[in-house]
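One chain, chain A, appears in both complexes that follow, with chain B as partner in the first and chain C in the second.
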Partner chain A sequence: MDELAYVELKGIVKTFGALRANDGVDFRVNRGEIHALLGENGSGKTTLMNILTGLYRQDAGDVFVDGRRVFFRTPKDAIDSGIGMIHQHANLVDALSVEENIAAGTERTFWIDKKKLRVRISEIAESYRMLARPAAKIYSLSVGEKQAVEILKAFYRGVTTLVLDEPTSVLTPSEADALFLNLRRMRECGHAIVLITHKLNEVFDISDRVTVLRKGNSIFTSPIGATNRTELTEKMVGRAISLNIPRTAAPPARETSRPPLLDICEIVAGDGRGRFLDRVSLQVESGEIHGIAGVAGSGQRELCDAIAGLTLVTSGSVRLNGRDIRGMGPGRQRAYGVKIGYVPEDRMEMGLAGDMSISGNVMLRDFLTGLTGSNGPGKIFFNADEADALADRIIKKYDISAPGPAEPVKNLSGGNIQKVLLGREIERRPDLLITAYPVRGLDIGASTYIFELLNREKENGVGILFIGEDLDILLGLCDRVSVMRSHKLVATLDARTAAKTEIGALMAGHSGAPAL
Partner chain B sequence: MISFQKRAGTSKGRAWTRQFISIIVALLTCAAVIALLGYNPLEVYRQIFAGSLGSLYSFKEMILTMIPLSLLSLGVIFCLRIQFVNIGAEGQFYAGALAASYLALRHPDMSAAGLLPLMFAASIAGGGLWCAIPALLKLKLDVNETLVTLMMNYIIIKIIAWLQFGPWKDPTIKGYPVMPAFSDSAILPSVLGIHSGWVIALALFAAAVIVLGRTRFGYQLAVMGSSPQTARYAGFKTGLLLMAATAIGGGFCGVAGFIQASAIENSLTYQMSNGWGFTAIAVAWLAGLRPAQALLVSALFAILLQGCAYIQISLGIPFFMSNIIQGIILFFVLGSDVFTNYRLVIRRTKDTQNALSERGGK
Partner chain C sequence: MTLLDIALFGQTAVLMGTPLLLAALGEILTEKAGHMNLGVEGMMLAGAAAGFIAGFYTNSPALAFAAAGAAGAAGALIYAVLTVSLRANQIVTGFVLTIFLSGVANFVGSDLGNSTLGDGFTSVGDGGSFFSSIPFFGPVLFEQSRYVHFSLIMAAAVWIYLNKTSPGLSLRMVGENPSSADAAGIPVTFYKYSHILAGGFLCGAGGACLTLVIVKRWQESATAGMGWIAIALVIFAAWGPLKAVFGAYLFGALRGLSFKIQNAPISIGGRSLSVPAQILDLLPYIMTVVALILITLGKKRENQPPRSLGKPYFREER
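Now for the complex of A and B:
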């Protein structure tokens, strides 16, 4: 550590209200180094890097580049100091070409000399041996190609320190390999690379050094050769834990005379712009946790919405307990006693009304029919006492830390918000429970609690559709795992025997596997 | 360096303190402006209150402004609650007035007991329709409601102007374009010395508080306003809710028009709104879209409007002073909203200064 760090952060503090996202973080990265920044969700990785790249301003602490103290007010200031960030989702203009996107906002002249621009781009691309198609329109590119364009854009602007925020989370395994190859070449060129991740295998694959953040503190830095997986895991979560998620026994085989709980056959959904679901078939049994794996945006959300009656299914059939529910919106599902619980992907966007109280949120689904069945439809007023009582019950039963039922949901923490939503859906005693990324953004403690809840519901005979992103969780928790790729469901595997590599290959589309 | 930091939690107490402080700061700023214009601020403020609350007469005049203003703001609140940006209260006011006036001019011989309820219902229908048209366009064609509600204002005002100068012109008054006066049965009687519009307004406010706070319909509107996707998720008929809420909102504005035409103008003119439809938007925002507070805020605005009309005469200060004061209060109260959730932090570090100058000199 005697060498002069290229970029150094010292004692960074950043608070958001009561939350100390960064609490005196030290971090340094050298030239020609790939430095992994490891930590759980909420450990402060992204906050720290947003400070480094000028998106946030720190409350205290300093940033040094090449030994000189700098102060960034905007991302542009950071880029002028050679620090650029690649976000998970590309910020590119779909209708413009690669070169236009690269030039946008960087060229200070009114007219853009396309010939010169194209030469520059090819030069940069060549020096990193990246492929470049300057004239291609962004919408025609894959996610991985878009990411490459973002990287090119950063280099075009003279970036020498590149921060990548979980770059592989949106990529297929082969695209991730290509990215890593590019990162190694950048390292050879003497650039500093910070890789934000929570995937341990990536850390060991590619990085030279690793820093672990936990609860807003930098608690560990080590060359990659001097550490191992167990140690890093311990540092991340603060105690040695087994990544084994308790899986309860598989449900007993269904009598062949009974239909499966959920039986989806060849459904197609989509509008004029494209298909969101392409002939998807899926069965979920009672007492089963059925996982869905896939790269983000492979049709998982549309599948959930189709079952919940929020997306128009144009052909195929959706049956619950043998009854055709295709085309039934949530209102009709409720009226006909179709009991489907749904925990959507973005809880504050859909599922909860953030400005409203916990009471107002728990009564959402059943305020028309009455929360306890006593309050028949057709009445003008809602029953506020009943709503408060239900909210109180859910707060106690699910151990939600909130001042009371009147507290607006948006004031709660992420884990408690999720518990309000899950609690409401579970208390409705559904036959089928759809959960999309239910532990996204939650810490290990809250996640474990959610898994326990799901297992309990499974034992009660509820069929659970579990949309996940982390393969370890999917394989640990679920009974079966189906894989979605480009809006198709490509395979269903037994989660007890399936290998991660097999699922990875299916997600990426390398090889087929026999359907179960 | 100056930056904003998010506060830990929010509190009602802080929100009230903030509102109070911002109004004080706004009044101080206004005082500075008044002083710049060469008047004594204290005297001006005193006269504003004297002109609106100082005598029974001026108090009545203030109430007469407050009645339409409060009803218009209530109409705006119903729309803004579900994120329907209605800046067409002005037009809905005239549409309601037009519908009511049609009945009044067509059936001058009906009894008051029959005619007034009919006019009341017609004004709700007229104002509701005028607001429902942009809502329908938004629902079916995804047309921006802000633009359409605004443009609908001009349409209805021009229609009334055309009627006033043309088909509905009073033939007995030669050369002067006015509509015939209403018959006595089309004029609202007075209660406690002020026309009975205040009774109607209070009743509608009570109804609105109950509808928004207690009913299933109000609950659905609240969910829709907070998260439209969640309303869809819960199976609400969001299209129907949008149409209902906008029709009710427009209806309230229409009633304001009916009251103004019947009780104040005793006729219909295309120049009787005094821009209240726009002031009502400010009232609704300042009231935080809550009906009870809207009643309070519209009283404050009525005091301001009435008081400024008074100082125009007593001190010779142009009426536009009221616009300046309104604008300054709005600016401070709405602008201070940021302090409810954020705290201003000023840090001074020498090194920062140095770094900045170094970078600048590069």
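Now for the complex of A and C:
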């Protein structure tokens, strides 16, 4: 590394209260380079990049651009120095058009010259061979297109160093390929690109160098050719960890006389505006992990809600152990002894009440009856000791790091929050466990733990419906994988033999055209 | 009815709709900055009182207008400090502002009950000019108070500002997504303050139009709920200044209708139509409810409120 670094951070320190999020981090990225920044949750990646892009101010340390020391007070200062960030979720205004989003805040003139604006946008889009529809409203775009608009916006502002925060986590495989193609073109144009990610295969796919952060320190930097997966994982987690998602043996074949655990037949759900489940059929066996792949919003959430009795199913049948449970809400399911556990995708919205204690949260589904039925609907008072005891048990059993059962759930880290939720559902001894994106946003350590938990439940004979987005995880963990596309279930494959490309094509509807 | 009758009715409708239009334009500016100011009624009343007092003592329409606007803007300033800087709940703050300003206005106006104004205030803008000789539109739009002209110019100006200029685009971005506006280098706090104050000015001016031009007297609680109708009108107009013009004149026509029928009973087919005055007075309010229901039923993507309306903005800090 003799050449002068284009952007350099030296000895960055940033504390939030008692937490040292960055503790003397060094980081450098060159022109014409894609630099991957790896690290577990809480390792300080995002804090570091927020300092680089002017959102936070560092307590100590310096930022250099092109050898010159710079101070950023606002994101605008950083953009003026050519540094821009693409956040995980597009920071665009839905109600405005693409060109309006790009122009806002940049125009020096009072009147907006739409013609000139359009010409400039299409020039920039052309130079990166991206497609632009300047007049389209943001809400009509797909997630991948929105991300492309964010990138265009950055270049419109003259950005030469682009930071992307887990950009592929919201994309389909083909959209991700298109993004990577664009990133490579940007590298050819001499831009510097920082890619924050969890996914090791992306790092080896596209980056030139990699830096690993752990606990607020930069502990490792290497050209990509000189390292390997095992080494990077070890550096991230601080210990050796098995990268292979363990798949336990398939369940023994069901006796033909017994009905499947979950048997969904041709269910339809929807309202006046359209169907959100279109004749979906699906079977889940006891002791099976059944994966659902699909682009976000293809009906996965509605499928989960339909089984859990949270959405109205207008036709078709839902059977659990041969018993018709269609139209049973969670309350009636409990009353009739139908045991379904549900870990919804938005943990803090639908799964838990963030301001309530761990005790309160683990009792949420049972506070009316009590765990032993001691509260009964006839009794008014809530048994707090019982709740605390359960919370204590879950904290110990699932290795949750929390000060105690009285701690509000929102103060826990993402991995611990998920463990509280999973612990609650598993402790209720369900026959069927629905988990929607259970490892979304979790780091490798926490994810591995969740997989172990699910495998243990599988061995106990629980049927698990696993909604996922990462195809490597789906194919590694599940026994079978079904693919959903535009509210239909289009195929069910054996996860042991199915290929990633096959599932990707099914998700995209065979055309496989990138959305950019 | 002759064409002249219709024109005269139109003239009344437009005049009656003008305070509503001004207040609605003010609320559109405020809401486009992401702030729901329910203090419209109070700010109108403050403008009505301040305008009347200034007019009564100085006999200057210009000073009365300025005083009314300043009173409305002063009310809006209280609101802005509370909701922008201190991030208080916007709904509660707006309600309290209305209660507070109504009290103040009724208190300072309590001695003015029998006062009347000079003729200068009701003079029409273009009496006898080329424009007023246009049939129908002459009397309806041009033989009118300067407030009518001001409100129409403002409606067009606000539309152009929002849709064709870069500060207008910045304002829309602030109301939709303040954090992306902030990231784009738009001074969010400045935009919020300036447009809330401008909105207050227009509400105050609307109130003055009522006491100075329409009623020509100070009455306790002169606005009689007009501020609330103006807020509904903003939804009715889907945050569009030009649609607000039609909405305001529709409500103005309903008010005018109740005026007309009370003063000169209309006969239909030989029978004179007698409707209790209270029912007629109810019309604009019933219409408000009906309009809101219809608008809500026909929800469209384009007609949605600014995305971060009512939400306080914190720059991200842990």
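Just so we're on the same page, the second predicted complex is superposed on the first by the 452 of 516 C-alpha atoms of A that agree within 3 Å, B and C clash if a C-alpha of one lies under 4 Å from a C-alpha of the other, contacts with A are read in each partner's own complex, and residues count from 1 in each chain.
Everything that follows uses one rule, which is that a residue touches a chain if its C-beta (ideal position, glycine included) is under 8 Å from a C-beta of that chain, and two chains touch if they have at least 3 such contacts.
It should be emphasised that the depicted structure is a prediction, and the values quoted were computed from it without experimental measurement.
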item: First, second, both or neither for A:Val119, with chain B first and chain C second; value: neither
item: First (chain B), second (chain C), both or neither touched by A:Ala499; value: neither
item: Which of chain B and chain C A:Leu181 touches, first, second, both or neither; value: neither
item: First, second, both or neither for A:Cys189, with chain B first and chain C second; value: neither
item: Contacts of A:Phe16 with chain B and chain C, given as first, second, both or neither; value: both
item: Chain B versus chain C as contact partner of A:Phe367, first or second or both or neither; value: first
item: Which of chain B and chain C A:Tyr139 touches, first, second, both or neither; value: second
item: If touched residues of chain A are counted for chain B and for chain C, the larger one; value: B
item: Contact residues of chain A, present in both the chain B and the chain C interface; value: 16
item: Residues of chain A defined as touching chain C within the complex; value: 16, 55-56, 74-76, 79, 91-96, 100-101, 103-112, 137, 139
item: Interface residues, chain C side, partner chain A - complex; value: 164-167, 169-170, 172-173, 176-177, 179-186, 301-302, 304, 306-307, 316-318
item: Chain A-facing residues of chain B, complex; value: 1, 3, 5-10, 214-217, 219, 222-223, 225-227, 229-230, 232-237, 345, 351-352, 354-356, 358-359
item: Touch list for chain A against partner chain B, complex; value: 15-18, 57, 59, 62, 68-71, 77, 308-310, 329-334, 342, 344, 348-356, 360, 363-365, 367-368, 379-382, 384, 411
